[in-house]
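Each of the next two complexes has subunit A plus one more chain, namely subunit B in the first and subunit C in the second.
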Partner chain A sequence: MSEGVERSLEPGGAATADAVVVTERAQSASGDERGGLLHGPAARNLGLVIALALLCVVGVVTAGDRFASIDNILTILRLAAITGVLSIGMTFVITGGGIDLSVGSVLGLASVWASTLATQTMAQDTHWIVMVFTALLVGVACGLVNGVLVAYGNVVAFIATLAMMVAARGLAEIISNRQTQRVKVQGFLDFFRDDWLGIPVLVWIFALVSAAGWVLLNRTTFGRRTLAVGGNPEAARLAGIKVKRHTMYLYALAGLTAGIGGVMMLGRTTAGTSTNGMLYELDAIAAVVVGGTLLAGGRGTIVGTVFGVLIFTTLTNVFTLNNLSISAQAIAKGVIIVGAVLLQQRVAARSRAGT
Partner chain B sequence: MVNADRTQPGEPGVPTVPGEKPVLLEMRGIVKQFPGARALDGVELEVRAGEVHCLLGQNGAGKSTLIKVLSGAHQPDEGEILLDGRPVTIPHPVAALRLGIATMYQELDVVDGLTVAENIFLGHELSTAGFTQRGAVIRRTRELLRRLGHPGISPRREVGRLSAAGKQIVSMARALSHDARVIVMDEPSAVLDSQEVSNLFRVVRDLTQQGVAVVYISHRLEEIRQIGDRITVLKDGRTVAAGLEVAQTSTAELIRLMTGRTVEYAIPRRPEVAPDAPTLLSVAGLTVPGEFHDVSFDVRAGEVVGLAGLVGSGRSEILEAVFGARRPSAGSVEVGGRRIRSGDVSAAVAAGVGLCPEERKSQGLLLDEPVYRNITLSTFARTANAGFLDERAERRQAVAHIEALDVRPARPDRAARTLSGGNQQKVLLARWLEHGCRVLLLDEPTRGVDVGARAEIYALIARLTAAGTAVVVVSSEIDEVLGLADHVLVVSEGRVVHSGPAAQIDEHRVLDLVMEGSAA
Partner chain C sequence: MSAPTRRRWLTLAAGTVALAFVVAGCTSNEPEESEDTATNTAAAPAPGGTSNDEPGDKVVIGFSAPAADHGWMAAITKAAQATAEEYSDVELRVAEATNDTNLQISQIEGFINDGVDAIVLLPFDGAALTDIAIEAMQKGIVVVNVDREFSDPNAARVTVLGDNYGMGVSAGSYICDQLGGKADAKIAEIAGIDSLPLTQDRSQGFADALATCGLEVSNRVPADFTAQGGEAAAANLLQAAPHLDAIWNHDDDQGVGVMAAIEAAGRDEFFMVGGAGSKQVMESIKADDSVLKATVIYPSTQAADGIKLARLVVQGKSMSDLVEVEVPRKIQLFAPVVTKDNVDRYLPTAFES
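Up next is the complex of A and B:
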């Protein structure tokens, strides 16, 4: 009997203890708030800076000057540029509560589209900028199809964009007849091979898209709507935000970045093939998530995404310089993704209990 | 003698009065505190074996919380639970089932995609080394269904294809499959027609004859008269009457026990609405199939119209349809004489309508975003310059409302999640104040709100109406609706059963209407 009584007291006791812990956390959190720097986005990005710095240290130690040279750094940035642009679009879609699996395929389709145009006779009469423009249009169009399906057709984003991923790849194969199409438009090739102020054009494009993405997400009504739609679509709808329309725009934006990526790919490799951008969507998603954007939506960071892209590209570079296999790279990437997400959950849980 | 003050030796551990059934379950002094609200404040419940014990109380009286404590979903902060006179703890739902306490929730908790048999043995599948014993499961299911008087239901039938009544039988069979000694039924008749209800009663009587105790929750007093043995009445988280014999308690007495407040809330008196005040909101013949039918009402500038009714009567759905969040099949909504596109929230917001929804957290707030962004969620685009946010102006607007409404803590950058219920409600009100709406729809504006914030919200409603805003209030608390509103609509089962001035109707009459209307 007395045993029973003791047991019956347990839950009450435990509850009180919990309450005490919560209050303590709340106090320490409000302390942080006043402390400033160690809290919020700065703290989150600090982890990424440290991770990237560690990778660089590893690079310098293992590869020495081969890693720490201007040329190598530009190589890393050039490699990061295309995935980077895709990741910016992906950041918007994921922050808005969605996912886009089709960007890699759409990139391929856009590049093939542009290279096909470039090999037609009409290319000789028109400026290459028209070719670029149509490639971007193809990207936006694919994104719009995704967006309409997700927003108005109520198709789950994963499925709608999976369908686009398969279909766009197929369409690219038909257009290119599975051939590699060499682009010989000199103006186009020169533009993408050029450097401005010693920095490759591809890297400039990545930087410009990132800056534009940052402004769009953090300083405009479009960005605020994205956060609202991803954070709580029902609350956003009941506040008068046109959630469906905005969702559609987000996929169109991702499609646009895929189109830009397609053109960049064409500029870098000078060839349009239907296999361009294969599995890039996964690299983009990984970079976004590692960067600290919540996969569930409602919180996104462009700076984090850029770091995420750089971390993965630097990793690849360090491994390559040390002649490690692609398989080993893949394992390391997997570990980084899981580690970052676990860390993210900790931070999220703490901010939930505290602030 | 040493034993002088002790009870007679040989007296059984369970107190029994000769001729009465033995006490099976006792809950003593149960207290459950939620952030900002004390849901249970010392509840007493005593259930005897083989009886149907009815639990009565208005919405928010604490019935659901009490059931959740009993079923292990919530842990009480204080108090004890005794089964057969022995104290027990119920740390999780499985523990409740092991003790023989099974609960049938109001929302049918069956999995549509599984078969009848799979649903009944969900969570305690009969298995050998991980392989389900399909034959045994089917056999036991047949047995249970026969015991419940429904041998016609096939154990292999997919549950999604059964009617609501059929699903309820499955739910009950599941309770029985645990060898339950206490079965809690939360409004089991809500989804049934009269034929099915009489079948339910037959099953309940069979169960009690086998010594099973049934805790029965219903708003329908007639039902309680038919099936109940004793009644416990809850109000404001306390037991106000325990173990009343059904046969010896009048309906008037029950309603008196359920109504009347222990805590007085100050609802400020407002002046009469001017007779020449223009009609701001005009709802005509609004219908959402399956939710409510042919609802019409007008709200004038400065007027408060209240919708009273039970949860699930269609009150919230009416508000949502007026706001455009649900697409009506018929009817129209006019704001200031201009018809607004049906089923379009943005159009309603643009026309100056605001809604503070029932579920603040899931429908109203961006919980992880700062307070100021929650306040400006409907207006940030208006404040922005050519698409570029003006966060400084947004903060300024938010701070003004935080001060005016006394939101605590008064920090615009705190995440909305960290605020109490009352302060979250103020944030939502501030959003519509900033927007400057002419028609404000409030769904349960004071649910989960403490007494102090309640008074502030009432005062704010009075201020708004004085400034000419038209307000529609939905609340489960009848006295709140009557206190706030000039004109009251009583809604029952998706129909308006009464419409008239608030001054000409009292709480008892409303409760009567609600219960009459819902009687099958």
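Up next is the complex of A and C:
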């Protein structure tokens, strides 16, 4: 936990220093965390590993081979993939001190837009990749609108993305006329419903997005800036970071993951409907928070997010395998979220005491 | 049928509460249920009855349905569970009720991994669940499709459907009978969600039936299957139409709001026909204490029938009331009109809204 404290920047002190020094400090701070990746975050993630391991033990004990089979693990991963990708984008937004309530709706809109008759006809005439680009473009565009509203319009993130959540769902309903649009482009379906090396393409996408997210957050200037912006925007601005532009990028990134999620949803369900991705924003936020990213911003962990996603999907799986009541599952989810937030508050309190 | 829910977790809790009410309301009705359901295959063993109900090979059935954000949908799962409990040879695995097709697909994957004998599935979106249902069928699992049809007939061994067009016809014919050739009768229709095919089917049936006696719908307003939507739609309708002879309301859940609006307006010059067949509406018809004089049924026991049919198919039994050796491919349930005269027959299978 102490590593986690160090990982958040110390902007209070930094703000008073010369900008160049600040940048160096920022870099050395993230340098620490670079060296500590195997120690600090690993220690912080230990709780998550234990939680997941415990769930797996419960799964094996109660369901035996039905749980510990390759088929079942793939079922868990396939279910985790779409929310997982959304959660990676959400990790960036939350680390940057924001929140994005619109990702589920944008996912739905992207899946609808990419599966309209017009898009599918175009894809049939050219290449199925057209559908992918359409979904990604829709996602990024929605994300940019969020970003501009939050960063330049000074609209509170909660409200701006809430507006997008409602509006994107409405637009999706208008475009699809509330009907189910079946994907008929065979190339698209063949690609996204395939397995590589025995692992579904959707799970590969989740893995790739997670890896890319980890590199982006932990190994690039972009990631360091995200931590700085989330930790203390004023200090970040004084350190020469274009805070507004960076914030906009973060929402565009979340929009991009929503677009990817839309493509994955089309691959999985073979159908674009306006109800796709309903409430996924809550699943994503829950996974990110349980993973250990601070809701207040300034600290984020991709590994934790991936664990958070896996914990929730494994929980769903274990409950389903054991034929347990839906209400018990809802209660368990609630308890986990509250537990994680309580833990976070203690960490945050210690962090404040430390600086 | 179900309006999209905005808060899944809240709905889970709400659904549970609703379910609890249904439990309280329905427990005494189970014996009648098997007699009244349209597929009379497994009626209690009686003289001249069949051996279909006698325990056979163990059957593991996986069940999945959309979130119970609507009284009718809550009753679907409840009735399925109650029916499964009647059989010692049926083990029912109920998956979390969900309006997320992604999760529902994963539930079916889980059932396939588990090697269940049959899956009874009311898909949130028929098209989205079609591919996984085909996969299950290819693995030798009996898939019974309930209410919302798959987009490929190969995805299910048996399909159990309600009759939306028939609901409209039943309601229209009843109104024709009651108004008996009154030439310029004013008839209003309060529809469900207008863009849904099922709503269009109901309205088409209603218009077709009214046309046979020379009547037509004079005022039509869509609502959204919720009480608050029904209240708003009905309030506007009553403003727009100073005199009415009959109203058909597509859905008894939204009917709660419709009745509230009618009472608020103090109107009683017309009679009203409901839809779907909730217990409250049937009790009101029985008591004859309001403008509600009839309702047309959209059976909430479809999934329960799905359980029975899945069991028969897996055990290699036939529907003994038919000559046919195998269980049929498709069963469409009837949409009868419930009035004061026959309400006792249908009350046991009515759902709590």
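Just a few scattered comments:
Note that in this section the second predicted complex is superposed on the first by the 301 of 355 C-alpha atoms of A that agree within 3 Å, B and C clash if a C-alpha of one lies under 4 Å from a C-alpha of the other, contacts with A are read in each partner's own complex, and residues count from 1 in each chain.
The rule is short, and it goes like this: a contact is a pair of C-beta atoms (placed from the backbone, for glycine too) under 8 Å apart; a residue touches a chain by one contact, two chains touch by 3 or more.
None of the values given here were measured: they were computed from a predicted structure.
Judged by the touch definition given at the top, the superposed model places A:275 against subunit C, while subunit B stays out of reach. When the shared chain is aligned, subunit B comes close enough to touch A:238, but subunit C does not. By the touch criterion defined above, A:329 lies against subunit C but remains apart from subunit B after alignment on the C-alpha atoms of chain A. Touch criterion not met for A:126: it reaches neither subunit B nor subunit C. By the touch rule above, subunit B contacts subunit A in their complex via residues 75-78, 80-81, 86-89, 91, 323, 325, 345-346, 348-350, 355, 357, 362-369, 373, 377-378, 380-381, 384, 387-389, 413-415, 417-418, 431. Those residues of subunit A whose C-beta lies close enough to touch subunit B in the complex are 1, 4-5, 7-8, 10-12, 14-15, 26, 33, 219-225, 227-228, 231-232, 234-242, 298-299, 351-352, 355. Within the complex formed with subunit A, the subunit C residues making contact are 4-9, 12-13, 15-16, 93-97, 99-103, 105-107, 109-110, 112-114, 124-131, 151, 193, 195-196.
Contact residues on subunit A toward subunit C in their complex (touch as defined above): 66, 69, 71-72, 75, 78-79, 82, 177-180, 182, 193, 265, 268-271, 273-276, 278-280, 282, 316-317, 319-321, 323, 325-327, 329-330, 333-334.
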